[in-house]
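For reference, chains read A, B, C and D in written order, and residue numbers begin at 1 within each chain.
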């Protein structure tokens, strides 16, 4: 984990329901929040709503962060009391952020073509990678998976950044791991996959891990785990990794959330 | 400017506010100037390496949270090689929290940690005692006395003993710890609790039971601090649900000499900073020169003989 | 329509939801159809007339409240002449909560109230025992056994024994009550607590200490209900922080056969009505024919040997 | 206590700050709330505010209740977290009421002239008595006490009802018990005081009690006490009374809040 972390009161500028499940909010934050890098996250103090009063903060990846305007945005799936409270925010409301937290994705200067592969809410985490990679002159292919086309999110962000987007969905029968693996093997064969990035699906992580190990391709995964502190203090957010044949725990908030995909278990 | 310093036995702290064990680590330096704190208290360590409890490890409740982290410990060597040097760069004294399954285990661990850079030992005796059917040491006077005696013999460092709130009467346990040589008491650890997901019918914690902390427990632990402070002469450090300066003042009034802040840090990692500043302002507003004057300053009037209550002051 | 009936020993209740002692009286008839309730539990009475504790008698805390009402009792005659006839006009059975300073006092009071119109006795043994230094009966196994034995000999009515949560381990006390002849346990009374006004430096309650109730205590009492239900064969009635149907389900899953609702009624006197309706809907949604199937239905998996935790399941 | 009691969700129609300390809100409630009688009260579930989250309801006298429009209003002094939350309500917000509760004032048909005597927030409780007495053809004199003229409330309500208003204030040196007692003795001598009503001041209650006992005049006091249930169940709201030489406790919420002023202690 690097950089300064602050508790910030921000102002909601936009709050938009994207489809039946996803919502996006944009806030005016200023530094250091707006300096967040792709893969980093914030701990949000979600407002009370009729659904309940969240006691713990909720982790949320940075979907967009612009140091110039000082704006930060989040894209999330409405699931429980925290995200329901978030979705109820309207422009002018306050939102309390803690962050930026965690280690983001790294982009090695030598890479010419990267592939992002995600599903569901994981697409929000991967989204800012598109623009960051393009800004470094890399080609980006994004394989974006969803239950059905109407639940796809972040594809617009990838397209706007100039990435090639390959949507795959359960409804169309294109999202199975076998099909995705075929797509990836094709890109690897074409020399269009210098690094792999994934988030949001254990099955896709499994595919990435296999290909990364088989072909020796650098691969990163952004993991999720329930959090309390977000600063590496409480050890509630651990996940298991296999390192040199040994299973050990790492804290998603502090040692991650981005990890070497070859070491992440399950 | 109020004099915020307090004395815990031979140790003088710049102010009475410090983190609670298990809710603090190097990571806090990202959000807070660590030199502001009265002391550092590290996560409980054990001698052996441990992974900790199954997940999920935390759950929300009304006005608080449950945790069953367990003690994922990287052992003594890691503590001496990494933790002690890291905190040596800062001014506040380092208090090492330890746990062990036997009195002897406590003693040898305390001895191993009695090194330069460690200013005091906090013995977390709320952990199960293998010699007493897995009951926590701090649930009984005799096992408390045994652990503290062994610890006292093993280290010359100031010895803080952290009690469990999971007892019927805490005063006798506090007296046992004092008599066996404790220099201060930390009151208290979390309250044993359960939460069940009514959709899945499963407990919300992987470990089934966990410890309740946060604002919900404040009135309970505050009562125990009051009971302990009346029962012993050594300083009591209050810990339970403190989130702002008023909460800290409440603990001082009940008899605490200093306070530890745990769960509040998760909602706001700068909470301790605000509490320290708030204590200063509070004392100025009330024309109190030294924060230590607040300790035990609760006013109770002589009332008429109170009637027997169905809920009764037991101490 | 779910079968909401439950059996507490020989008594069958139309549904498992009833008021907690001290939070219910005739006045509730203004806001609620009393015939909806599973039972009536009246405010604890004593033999003598009493005024109760000094004011203030209540204070707010995070997610709960403190009270030190004491037992302002109008005595036995008033209960027999006014309370029993008033509730006789309604269908649910009347449970008379009693307290006394000695085991013998409990017995004679229970005998005096064993009259037609009283369906069960609830012995509030969380009150101080004059024969044991003012400690509450329910804080010890021996004093619990003594009180319950005397009660058992004095009345043929179903005998519910209400335990205190202010103990280190509740299971042995539960077993003592069962062995001495209790027909059911009510778990539990309020948790002893303190709150101080930081502006006046005075305790917020006239009695200094009081009992904490409400959502804040739910995870603690739920744990105790689970511990008791595993320890005894008689039914356990859960009581602590129940405010909605999900809370009631949580208690049933932990092993309760019925529930009592206290503090929630102060925020919404129709809360019990909503809980009963909500239990019905919950069972329908989960395809459960009888609410009694929920009792003890929490699912715990066989996990790997859990590591020793610093906060430990004690039962 | 009489009548039906309900938990009602109401809509805030008006919320107005009256002076440095007092605030008034008006809600759309419907029956049974709008059938509340003078002296009755409601238990208000005050909203959370930055000042805090009130756990218990707050008792508040009915300041106005109109069965025709279904509206109910409250006039209150902003003191702690509950009333601060109330004062933050804006039109369109919801407010949860429990009531109407307690026994209101009684007006005996034979009375021709009544005197209301109150201070501070107690004026809000007495206010609806003016209109009710006038509607029954009674003359009303209201002696209204405040620290200074700018903190006086409810005088407009009494005037609108056609009552004679005598303001007395600390600032003007007119509010002392001796002066008020002289005013009252004058009215009694003139035969213009068939009944006395008081609220909001222990010193004024003392005056009322003395005169009521001395002249055998019916006198009622509306008392305040901290409440939890409002329905006579919890016994936290008791006050002491001397009845037939014996001191006993009565519940303000259930046995009152209006009591015979001659029996009320302190």
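Definition applied: contacts are C-beta pairs under 8 Å (C-beta built on N, C-alpha and C of every residue); 3 or more make two chains touch, one makes a residue touch a chain.
Because the structure is predicted, anything quoted here is derived from the model rather than measured.
The distance from the centre of subunit A to the centre of subunit B, each centre being the mean of the chain's C-alpha atoms, comes to 37 Å.
Centre-to-centre separation of subunit A and subunit D, using mean CA positions: 59 Å. Averaging Cα coordinates per chain places subunit B and subunit D 48 Å apart.
Averaged C-alpha coordinates put the centre of subunit B at 31 Å from the centre of subunit C.
Under the contact definition stated at the top, not a single residue of subunit D touches 2 or more other chains.
Within subunit C, the positions touching two or more other chains are listed as 22, 51-52, 61, 63-64, 67, 69, 214.
Arrangement of the chains shown, judged by which pairs touch: a linear chain-to-chain path with two open ends. Pairs of chains in mutual contact: A-B, B-C, C-D.
Those residues of subunit B lying in contact with subunit C across their complex are 22, 44, 50-54, 61-64, 66-71, 99, 101, 124, 126-128, 134-136, 139, 166-169, 189-196, 198, 200-203, 206-212, 214-220, 222-223, 226, 241, 246, 249-250, 253-254, 282, 297-301, 303-304, 306-314.
Residue ranges of subunit A in contact with subunit B, taken from their complex: 1, 3-7, 45, 54-57, 98, 225-226, 228-236, 238, 249, 254. Against subunit D, the residues of subunit C that register as touching in their complex are 22-28, 30-31, 43, 51-52, 55-58, 60-61, 63-65, 67, 69, 72, 214, 265-270.
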